[in-house]
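One structure below.
So that you can tell them apart, the chains are marked A, B and C in the order they are listed, and the count of residues begins at 1 in each.
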Amino acid sequence: MAIITLTTDFGYKDHFVAAIKGAILKEDSNTVIVDISHDIAPFNIQECAYILKNAYSHFPPGTIHIIGIDAEKSPENEHILVKVDGHYFIGSNNGVMSLITNEIRPEKIARIDIPNLDENSFPELEVFVKAACHLARGGTAEIVSKPFKELRQIKEFEPRVLDGGNTIVGNVIYIDNYGNVVTNIQKPVFEAYRKGRKFEIIARRVKINAIYNSYNGIINFQLEKNQRKGPGDLLALFNSAGFIELAIYKSDLNSVGGASTLVGLSYRDTITINFI
Amino acid sequence: MAIITLTTDFGYKDHFVAAIKGAILKEDSNTVIVDISHDIAPFNIQECAYILKNAYSHFPPGTIHIIGIDAEKSPENEHILVKVDGHYFIGSNNGVMSLITNEIRPEKIARIDIPNLDENSFPELEVFVKAACHLARGGTAEIVSKPFKELRQIKEFEPRVLDGGNTIVGNVIYIDNYGNVVTNIQKPVFEAYRKGRKFEIIARRVKINAIYNSYNGIINFQLEKNQRKGPGDLLALFNSAGFIELAIYKSDLNSVGGASTLVGLSYRDTITINFI
Amino acid sequence: MAIITLTTDFGYKDHFVAAIKGAILKEDSNTVIVDISHDIAPFNIQECAYILKNAYSHFPPGTIHIIGIDAEKSPENEHILVKVDGHYFIGSNNGVMSLITNEIRPEKIARIDIPNLDENSFPELEVFVKAACHLARGGTAEIVSKPFKELRQIKEFEPRVLDGGNTIVGNVIYIDNYGNVVTNIQKPVFEAYRKGRKFEIIARRVKINAIYNSYNGIINFQLEKNQRKGPGDLLALFNSAGFIELAIYKSDLNSVGGASTLVGLSYRDTITINFI
């Protein structure tokens, strides 16, 4: 069965998401519809790309992903259809797709072109559903789109390498449900400059000298419980998406706090790694 | 496959929604279940009707919509089954259905009557699922309901036309995920009294003289970017549901704010349109 | 079709839940996936057990329930597979399963053992999906698990019976979307000690002398509306899960408040019942 996913900034209360699902099921009630997230911060292109990039690849090849953020068509924001990594993405040319495709070359970039649609205030419903259901039925992209070359590039925070490779300065790109702070520093970059050296990660007043592969890496299970590190302690790890992340073990933003609140880190803040 | 939608004020954390889904799947695991919204403000009949009305019509005819709000049966709140516009609605006679059916005459209004059910504190699970799954299997409404005439009417905010048609006074009926403010003034009413005249929309201290058909209608793409209106600017538009809406272009309630916070508008507040 | 449910503390914004759904659909796109809740308070074992216990039994026998909370494998937190009440549960040995199984004896308790998996920072995706999809395909538990005996016991709040059976002291175990306060006192325990006597429920400064079977039990529909109790009034009832619950009729935490805010009750607070 065809799978269509939805990633939007519509939230979970309004009727928008359900209207889209109804319209898809009206075309084919066998379609499998999966929510990726509807809590993207409104118009936040980077956040949308981070979440979608870490979710889409777990779906089967051929999955169709509708991106419902900043979707209004304008002379500067065409509706586009991109095939990359065996997946279809349908959205507008607002920069999300350039962030999704910055590591894998797209197989196809096209401008959606379906005659006689109302492209006004709800294009996800009027345009994206039509294009997605066409693909879901096995239709070719060529029927609903025209060639298009100019994927809009958007400036992404890239870690900077300073001092002849002795320092990496990264940024916070995401804070998750636990208050864990995700940086833009990926494991291969870190290891390439580390060259086996010791290091310190500096985030505001905090210094960390180890990076684990799991949250409980901080725990020494050989010790008695009252002698161990544990809930409330700060650590760094390579998270499941491959990025260096600062976390509080067993954090809860609504009670004990998380790394974001306890260290005082927000989106875009810098994290410095010095190799020693 | 049969489609059953759910609209409730249960929220997304508690077990209630999942219990209902489990009970539906226990009757037939092929049923397609779609969430319309579970974030209706508790017992808010108008909000429930606004969201459901704007969502249901996008689903295929024959879809069964369970309404899980203020559902406890009482002498004044019968469980009802209504067919309108080709769709089935199952809920209680609390006013939601009178708001849903105020523009389209219902084909059927019936009182749910299924013997030997526990109608106590969770009727959505015990009663509505039974009635919905009966319809989903292709059963007739007559088997699970009895004739019923008195759909409870609820007072809805209607725009008032004053000064011999020179003024329309409407109300805020909904504030969406972006802080956009939806009024109860629909395009046909507006145009009928406008008769081609100029107008001003007055909302608290703000005056607006144009209504667009899309959010980016405010942007003049001929101008250089630094000379345009853009993010943060207020506009009025006919939204995708057909209502006049006040919006901030690219708003975000958690950062720059939205029309509701920046103009200072809440549910039920008045909006005045003067034709000049 | 096989049904897999998900109960996690991942929230609704991050990519984690969607990644799991994608991975399940990659194994078999016919699988029915149902969210039980993703808003469990992070690492809150009791809350997870309360929600899952009240939801799972409404699903068909054979349903597979993935529990994504505190799932990191450690010497003290094995990945386990439990069959109880005809349902499969896959999670870690963190105490949730001892709370789920404290009234029904499990048919099977096993330790998940699948070779060559990355068990690091996202075991729900890497391990639980594999085990769940194996069962969903009709595979036997023995292929993916080894015998295991020691289900980790967790201290649950139990109501205490004092004064020779004249007093029951219970605790708040859950506060729902309406601010209704759920206690750990179940109807059979209450009735066993009540023996037909009058009683008073004491919660902070509030005393209640009746327990209804529905929220509108408080309303006397024989009286004129202005003489009745109604919205805003406090009551006690046996909720649909069988527990004594304190509720405000037609409460809303965002406007009029709920029992939790109006009486001042939080998780773990005590409620006393005196039989007179």
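We take it that contacts are C-beta pairs under 8 Å (C-beta built on N, C-alpha and C of every residue); 3 or more make two chains touch, one makes a residue touch a chain.
For clarity, every value in this text was computed on a predicted model and none was experimentally measured.
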Seminar exercise, completed: Residue numbers at the chain B-chain C contact, same meaning over half shared and different meaning under half, come out as different
Exercise. Once chain A is fitted to chain B on CA atoms, what angle does the rotation have, in steps of 5 degrees?
Worked result: 120
Problem set entry | Separation of mean Cα positions, chain C and chain B [Å, integer] | 31
Exercise. At which residue positions does chain B touch at least two other chains?
Worked result: 12
Seminar exercise, completed: In the complex, chain C touches chain A at residues 9-16, 18-23, 25-26, 29-30, 33, 41-44, 70, 72, 74-77, 120-122, 125
Problem set entry | Contact set on chain C toward chain B in their complex | 1, 3, 5, 12, 32, 34-40, 50-52, 54-60, 63, 176-178, 213-216, 219, 221, 231, 237-241, 250-255
